[in-house]
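Please see the structure below; I have some questions.
Labels A, B, C, D, E and F are assigned to the chains in the order they are written; within every chain, residues are numbered from 1.
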Amino acid sequence: MQMNISARNALKGKVVNVNVGVVNTEVVIELPGGDNIVSVISKESASKLGLVPGKPCYAVIKASHVMVAVD
Amino acid sequence: MQMNISARNALKGKVVNVNVGVVNTEVVIELPGGDNIVSVISKESASKLGLVPGKPCYAVIKASHVMVAVD
Amino acid sequence: MQMNISARNALKGKVVNVNVGVVNTEVVIELPGGDNIVSVISKESASKLGLVPGKPCYAVIKASHVMVAVD
Amino acid sequence: MQMNISARNALKGKVVNVNVGVVNTEVVIELPGGDNIVSVISKESASKLGLVPGKPCYAVIKASHVMVAVD
Amino acid sequence: MQMNISARNALKGKVVNVNVGVVNTEVVIELPGGDNIVSVISKESASKLGLVPGKPCYAVIKASHVMVAVD
Amino acid sequence: MQMNISARNALKGKVVNVNVGVVNTEVVIELPGGDNIVSVISKESASKLGLVPGKPCYAVIKASHVMVAVD
């Protein structure tokens, strides 16, 4: 289902790896700058969205779930 | 306190905006590729870390808090 | 931006109350069955989505953020 | 242990499906209006609470973990 | 409402500080060993639970929201 | 990578149990007062940090992920 979501962060990238577990699936997304973002979502969601290496996608993160660190 | 944390995602960037509330503070971080990441942390943390525009920092996100979306 | 998201839960309802803070905004959503769901999102997101009482919307929740309780 | 919790959302329903993994278990809860809510909790919690299809339960969600979306 | 919740962590302590914002309230809980835990919950929840300094309470945390760090 | 993080809570303890799944690993941390904290992190993070029983570590939790309960 297509929708506009309140999550402040939607970083465009592409899937580079998928590791399927019993309940959850780990998806690695490469951003254009070369950084990777790792996501753990349910196996069913990963399957429904057709997440396979090479597929363009977004890493979506609610602002209250982002921490900040300094050296 | 310096530590190595289990969070899979630590994206390097710099602070570009800080909006201070009563309990929480919103911090906007610019990544090298030009993307912005918005974070909401407690006001005290933002103050302790000395987050002001221009300061280098990391956006840190636990993998289980990252969703994936497709067009 | 329209997208299909991995979050397993998207409950259809309508906005019945909005309480705006400095950084965050609290949005109350009424489900068809009469239950209310309370959401806290950033003030800017609430504003961008045009969330005002009466507006149809979805409460979206990642499955790993839902707990279960029994009496 | 019985307690009153700060989480703003406790939606009454009943378990309709349980999928057990190595670490986590996925629990599907049906609300009276017919909507389903999917939860991923630890296997041990699901076991301790005796979550089996048909059991009355609540889906409990902290307000800051609820996003809002519009069409 | 009294309930048994799936969250794996419920640390017993007492409220030692409360800082009220527009939408959220910050609650500081002291554990018996002397450690403090900081919680940010909605203002309404803090009010409903009657959280004032000295009140016995629990810090409740879903296991998937706990990270691990090493020196 | 060593860093100072915005998460308000870093409770010192030691690993007492590790349960490895396909995607996630459950880590049990004992605090000095005798309380246990359960964490679910990705298998790769647990491996990288060398989390084995007896290892000193911190349970790190963002304040907005801590709920409060009363009897």
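Here is the rule we go by: a contact is a pair of C-beta atoms (placed from the backbone, for glycine too) under 8 Å apart; a residue touches a chain by one contact, two chains touch by 3 or more.
Since we're looking at a predicted model, the values are computed, not measured.
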{"item": "Chain labels contacting subunit C and also subunit D", "value": "A, E"}
{"item": "B-F against C-E, pair bridged by the larger set of C-beta contacts", "value": "B-F"}
{"item": "Most distant chain from subunit D, judged by the mean position of its C-alpha atoms", "value": "B"}
{"item": "Chain centre separation (subunit A, subunit E; CA means) in Å", "value": "30"}
{"item": "Whole-Å separation of chain centres (CA-atom averages), subunit D against subunit E", "value": "21"}
{"item": "Separation of subunit A from subunit F, taking each centre as the mean of its C-alpha atoms, in whole Å", "value": "23"}
{"item": "Where subunit D touches two or more other chains at once, by residue number", "value": "2-8, 10, 21-24, 26, 38-42, 45-46, 49, 58, 60, 62-65, 67-71"}
{"item": "Pairs of chains in contact (touch as defined earlier), listed by label", "value": "A-B, A-C, A-D, A-F, B-C, B-E, B-F, C-D, C-E, D-E, D-F, E-F"}
{"item": "Subunit B contact footprint on subunit E (complex, rising order)", "value": "19-26, 38, 40, 64-65, 67-71"}
{"item": "Touching residues on subunit A, where the partner in the complex is subunit B", "value": "5, 7-12, 15, 24, 26-27, 29, 31-33, 35, 37-41, 45-46, 49-51, 55-71"}
{"item": "Partner subunit C, residues of subunit E touching it in the complex", "value": "2-7, 21-24, 42, 62, 64"}
{"item": "Complex contacts: residues of subunit B adjacent to subunit F", "value": "1-8, 10, 24, 39-42, 44-46, 49, 58, 60, 62-64"}
